[in-house]
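A, B, C and D label the chains in the order they appear, each numbered from 1.
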Amino acid sequence: MSTVAPRVPLVRRVWRSDDARRGFACVAGGLVLAVMTGPSGSGTAPTSGFTGSLFHVRVVGFVLFGLVLWGLITARSRYSSQVRAFSAKVTAAPRRLLPDRRVRRVVYLAVLGFAIYYPTILNSFWQEVLVDQIGVYVLLAIGLNVVVGYAGLLDLGYVAFYAIGAYSAAYWTGALPIHPLFHLNPFYAIPLAILAAMFAGVLLGVPTLRLRGDYLAIVTLGAGEIIQIVATNLQGVTGGAQGVIGIPHFSVHLFGIRYSWGLDSLPYYYLLLGFVVIVLFAFRSLENSRVGRAWVAIREDEVAAESAGINVLKYKVMAFAIGASTSGFAGMLEASKISFVEPSDLTVQFSILILVLVIFGGMGSLPGAIVGAAVLQWLPQFLRIHPLFGFQQQDLYMYLGALLIVMMIFRPEGIIPSRRRKREIGLAEHGVGHADAMGHTSGPVS
Amino acid sequence: MCFTQNFWNLVVSGLADGFLYALIAIGYTLVYGVLQLINFAHSEVFMSGGFASYFILNAAIGTSQPHGIASVGFLALGTIGGGLGGAVVAFLLERVAYRPLRRRNAPRLAFLISAIGASYFIYNLAGKEFGRNALEIPSPFTNGPVFTIFGATVQTVYIVVAVAAVIMLVLVDRVVATTRLGKGIRAVAQDAETASLMGVNIDRVISQTFIIGGVLGGAAGFLFGLPFGVVYTMGFTPALKAFTAAVLGGVGNIRGAMIGGLILGIAENLGVACTQASWRDVVAFGILVLVLLIRPTGILGEQLGRAA
Amino acid sequence: MNRITLRFVAPVAAAAVALAGVGSAQVAAASNAHASTPTYTIAYEGPLSGGNAQLGLNMKFAVQLAISQANAGKTFGKLPFKLKFLAEDDQGSATQSPAAAQAVISNSSVVAVVGPAFSGATKAAEPLYHAANLATVSPSATAPALATQGWSNFFRVVADDNAQGPGDATYVVKKLGVKKIYTVDDASAYAVGLVGAFDAKAKQLGATVTHQEAPGTTQCQAGTGNVQQYGALATQIKGSGDPVTFYAGYYCDFALLAKALRADGYNGQLMSDDGSLDPHYVSEAGASVANGTLLSCACTNLTSSKVDTTFASQFKKLAGFPVGTYSAEAYDATNTIIKAMEKIGAHVKRSALVKGLHKVVYAGLTKTVHFQPDGNIAGSTVYIYQVKNGSIVELGPVAKLVG
Amino acid sequence: MSDAGSPDDLGPVSPVGTAPRPGDVVVDVDEITLSFGGLTSLRAVSLTQHRGEILAVIGPNGAGKTSLFNCLTGVYRPQVGRITFHDRRGRAISVVGRKPNQVNRAGIARTFQTSRLFNALTAFENVKIGVESRMHTGPLGAMLRLPRTRREERASDARTLELLDFVGLRAHANDIASSLPYGDRRRLEIARALGTGPELLLLDEPAAGTNPSEKGDLAALIRKVNAELSVSVLLIEHDMGLVMSLADNIVVLNFGQVIASGTPAEVQQDPAVVEAYLGAPDPEDG
């Protein structure tokens, strides 16, 4: 007994030290990772997944990984000034050159050139993936970025507008059980689908955007769920669970130009690319306009924004509607491309996925939304063909969930942060401003 | 009216649902009280309780068919096991997904996103480790009609749910109202800053709040799993309903959550009689939206939280 | 050094495990021993990952088995060509399916496809296959609409949803002599079609039908419904007093409904479809609840002795798990394709095989496969089963039972 | 959706009257009562401010000064009483029941007790947001960069620079708001409020937390705002020296009631005021 007593303070001291805690967290993280990438269990053998991943040689690798991570973190905090100096040296040239307009323009053109040329050398599988799994999701992420990134609102029912776009395409082309007054080629129905989604955004937004931010999240979550129930059950209107088949492909016949999008995915890719470029220009202008600044003001301090003459509700609805219309277009394009919409694809999970893409890339950052969406959508496809690290497709959302937590703890501003957003988050953490439009009502207005 | 024919039957099954909603809703309400945020991952606390009780009862009961006092013992075991499972997950959740953000004074959006991430992580991990098929909890009793009241059949499982829920609801109400722990929770809910100046350990109170909510949520997971089985996705819908119940009664208000749960359960069941079963969620969601638009502070008002 | 090796060994080891388990990569079933004999590929498209992976794997290994047996000369004797196998994962999703189809089509050695497994995925991918004039033989896509799109390359070895519903209704009305029926569907594409056909036939035979929709739950197939709905639903069914409840959907939701009904004191006859024709129905509902339940299928029962036991044992050896839903259908689909190829000879072209499949007749495990011009299987028979003493036994084909 | 800034944002107002002259009433608070639950924070408060006047509201802590401001700017809605604002075009606009942004649009701008700037933005952007709230660019115009949008951008840039000049912060235009010293932040907040083109400016303790030299500068700025921009100023202030030197008239609140009003000299000698201050000495005073 007496020999143990003096050791207690040491143990406590070690436990209390930040370094030890960090080390513990790193190793625990490594073990969690080991379980995540390990074999799966089953209901009859609930521990087999854990034992298979923890009582196995491979666990050593993960513990070591945790320790290395710990070492890196400790080294980084200890040598932070050197690290900063080094990274400043490395990024000095790009930082000097990037503000230069001409340099930037050349970079943009190079990226665009690559985006135009690269798909042509891909095989048809990857071309298809590039449209269905990447392009459409890039567009969706850019749209949701307006809602989450610019206006600081949490929309968990983004799928609703995608569905409205898709079903609009079906409606105007006469594929639904209910028929429109006149049939349109989906290409000409694009503005109608965008308007329909935008209208739905306003309709959902006007009552709900008055609410506190977390209520908004849950109401939109419910709305996303409802749209699937409605699409499944209103058989006479939507075709029900069987989905809608036979939505025609886009085709243009205008000013002597005649073109039809067929089964080949590349033409859709270029259509998407064109739309993404237009949207990028438009949203970039929007960000640096009266509207964009109003959003920043609302995000930072709703009360101050209101007393500076900004109609908060109107701008929130605006963001909601712009995001919705982008989603609507994406839904329409996909529906017309595969000629088919199915309610079972319109899940809440879909909305969460888009949210993950935006968060990962960087809220409020256009390049972030693009890169985030492209990387996170490409990776599962790649891992499906080359199953590394024990990755299994059905565990995708487990990884994405973990990614969200890790991002929020270590890098809430995303991989390619918007400079403004990063500054806001930093300030919010020092008790200045809010960095979201969650409707803080706790502080007295003084 | 469409529900007059089976009115009392629907009320009885509605009450059974309502007690479960009330148990889950208290988790939301308590956390909302102390942190002013919706714990999006509470659905997984519920799910974890269901799984914990499944494994415990599977080991304890096996293939035997218990009767009488043994049934009651196993029920208590399942409830406690579920509560423990829920409490452990809720505690870890607070430690991993919330506390680091709280330390940094992160924006509220970050909390919500982190909680959504935690929810997806936990339930998909459960799916990976325990399989993605529904698992039947070995029943400690034989379910069937017990007696009729106003022509409504009351099943054994309804009685079990009601008794267990009432005991726990009364307990939690007393704990929060009378104990030192409850006093801490109320103090933090009213004004965290002042409470910390008065020597309340905020971290500890928040942890304890999560644990209390976890116990109730986890136990609800067991009671829910008894008739329906447990599966990794079981949390989402009941939790969304329970949240509605919490809002209905007034977020932050414990008794409000109980009343909200019961009202929602009954309203939902009556609503189904008037439409197709498939519109059940739409009924509940409609109630949520109506409450938020007409009386966002709920029926009993927001006692611990602050009004919008 | 140790540290580095271990850090890299672990993931690689894990990857190997995953490769063996998922096996979504190409698996060559035949060696190129004879360079002179041409080699063709039969592809499989279906879910190999995601929530419906098990169903897909049931089929995938059956296709693989059929191909390796044919190469070994066991099924059709010596073939003038060698066969290879290619599996593409579409996760059962309509949006993932076109990419999988492209991967299949762009492989020029592919002459036919077993699949796509799911109706939604088929709807999205079939235009691509049609444009490539590549024959697809689905073991499991049952949506009636698939046969009416003018896709000359589309075939399936299962009866569509329209076949089973009328058979079941005929049995209930004529054999059981019931005039009041309560029908419930789980809002899935499959069940909605089936129950629609059931209701129509029952009404035509003079019965009154009350219909409710109760979406499948996330506990079972991915659906939007929740398990609590069955309490209220049971109350209503009991209140209706209908002597027969017909459920269109899958076993685990049916088990929940059956339990709720019996707990409420409902004593009527329960009946369901091939989605519920699964031993899990009995284990999840409990034998006391399940006993007496009628089930139906446009297929012969896998657990019955009719299925070739060598097939079952060979399958288990290859896959590592026993035959499951649609395994036998996938096996038949593959062999039907090989039979049609054999008729053509050594030089098989995609277009010729489409024509060949329209004419082929093949006596398979589940039925004699012969396609109608629209791709549907000809002469489908609906079999009725019943749960007796906790196990599912076959009563016989409807036509015979009704007599 | 498209355009902000139409007068419709205000809702119904009385018809345009004759243009007001200096000395006419600019805001008339008529017997307002505000309570939260059982707590009454304003009880039948009345006051009148004339165009061009600098009016100060003083009173011990908790007297209801900030509540009064919040009623005047539409943040709180008094249960009883009326507040009428008379704008430049001679319209009588009822403040009660309007939202803060509508009140601002009508011509009442404010600052906050603890400054509420948009901290992650530059000084320039902060003021520009205020200036732009009077512009009309909608999302479509912004996305397409229509000619009108560009015209408005140029105009608001120019006005923003003018205002930064006016408050003496032009040199700090590109500094992040949160990095500015305290006194500068208070000026910036005034500039942002002025950007919205107010006729009445509400300043909530503008000198709180500033050092004596900053205090002097602020007083000069307030006078300049009042004189050069002909903006009426209503201010809450604890610093008696500042109040006495700036205000034309003073209203004294205590326990939610007006206990005295008049010129600085009159108020200083009012026995009720003396008692209120002696009875409840203000810790922040001085």
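Just so it is clear, a contact is a pair of C-beta atoms (placed from the backbone, for glycine too) under 8 Å apart; a residue touches a chain by one contact, two chains touch by 3 or more.
As the structure is a prediction and not an experimental result, all values here were calculated from the model.
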{"item": "Reaching subunit C from subunit B through chains that touch each other, fewest steps", "value": "1"}
{"item": "Taking each chain's C-alpha mean as its centre, the one farthest from subunit B", "value": "D"}
{"item": "Between A-B and A-D, the pair joined by more C-beta contacts", "value": "A-B"}
{"item": "Inter-chain centre distance, subunit C versus subunit D - centres from mean C-alpha coordinates, in Å", "value": "72"}
{"item": "Approximate Å spacing (C-alpha centroids) for the pair subunit A, subunit D", "value": "41"}
{"item": "Cα-centroid distance, subunit A relative to subunit B, in whole angstrom", "value": "30"}
{"item": "Computed distance of Cα centres, subunit C from subunit A, in Å", "value": "35"}
{"item": "Subunit C, residues touching no fewer than two other chains", "value": "51, 187, 213, 215, 224"}
{"item": "Per-residue multi-chain contacts in subunit B, two or more chains", "value": "132-133, 236, 276, 278, 281"}
{"item": "Subunit D: positions in contact with at least two other chains", "value": "none"}
{"item": "Those chain pairs that satisfy the touch definition", "value": "A-B, A-C, A-D, B-C"}
{"item": "List of subunit C residues in touch with subunit B within their complex", "value": "51, 187, 212-215, 218-220, 224-229, 231-233, 235-236, 238-239, 252, 256, 259-260, 262-265, 280, 283-284"}
{"item": "Residue ranges of subunit A in contact with subunit C within the complex", "value": "37-39, 57-58, 60-62, 64-65, 68, 123-125, 127-129, 132-133, 225, 228-229, 232-233, 235, 240-243, 245-246, 262-263, 265, 334, 337-340, 342, 344-345, 347, 381, 384-385, 387-394"}
{"item": "Residues of subunit A touching subunit B in the complex", "value": "35-36, 40-44, 46, 49-50, 148, 152, 154, 156, 207-208, 211-215, 217-219, 221-223, 225-226, 229-230, 232-233, 348, 352, 355, 359, 392, 394-395, 397-398, 400-405, 407-409, 412, 425, 428-431, 434-436, 438-442"}
{"item": "Subunit B to subunit A touching residues, read off their complex", "value": "36-38, 40, 55, 96-97, 100-101, 104-114, 116-122, 124-125, 127-133, 135, 236, 240, 243, 247, 276, 278-279, 281-282, 285, 288-289, 292-293, 296, 306-308"}
{"item": "Partner subunit A, residues of subunit C touching it in the complex", "value": "3, 6-11, 13-15, 17-19, 21-22, 24-25, 49-51, 53, 89, 91, 93-103, 105-106, 119-120, 123-124, 127-128, 131, 143, 145, 149, 187-189, 191-193, 213, 215, 222, 224"}
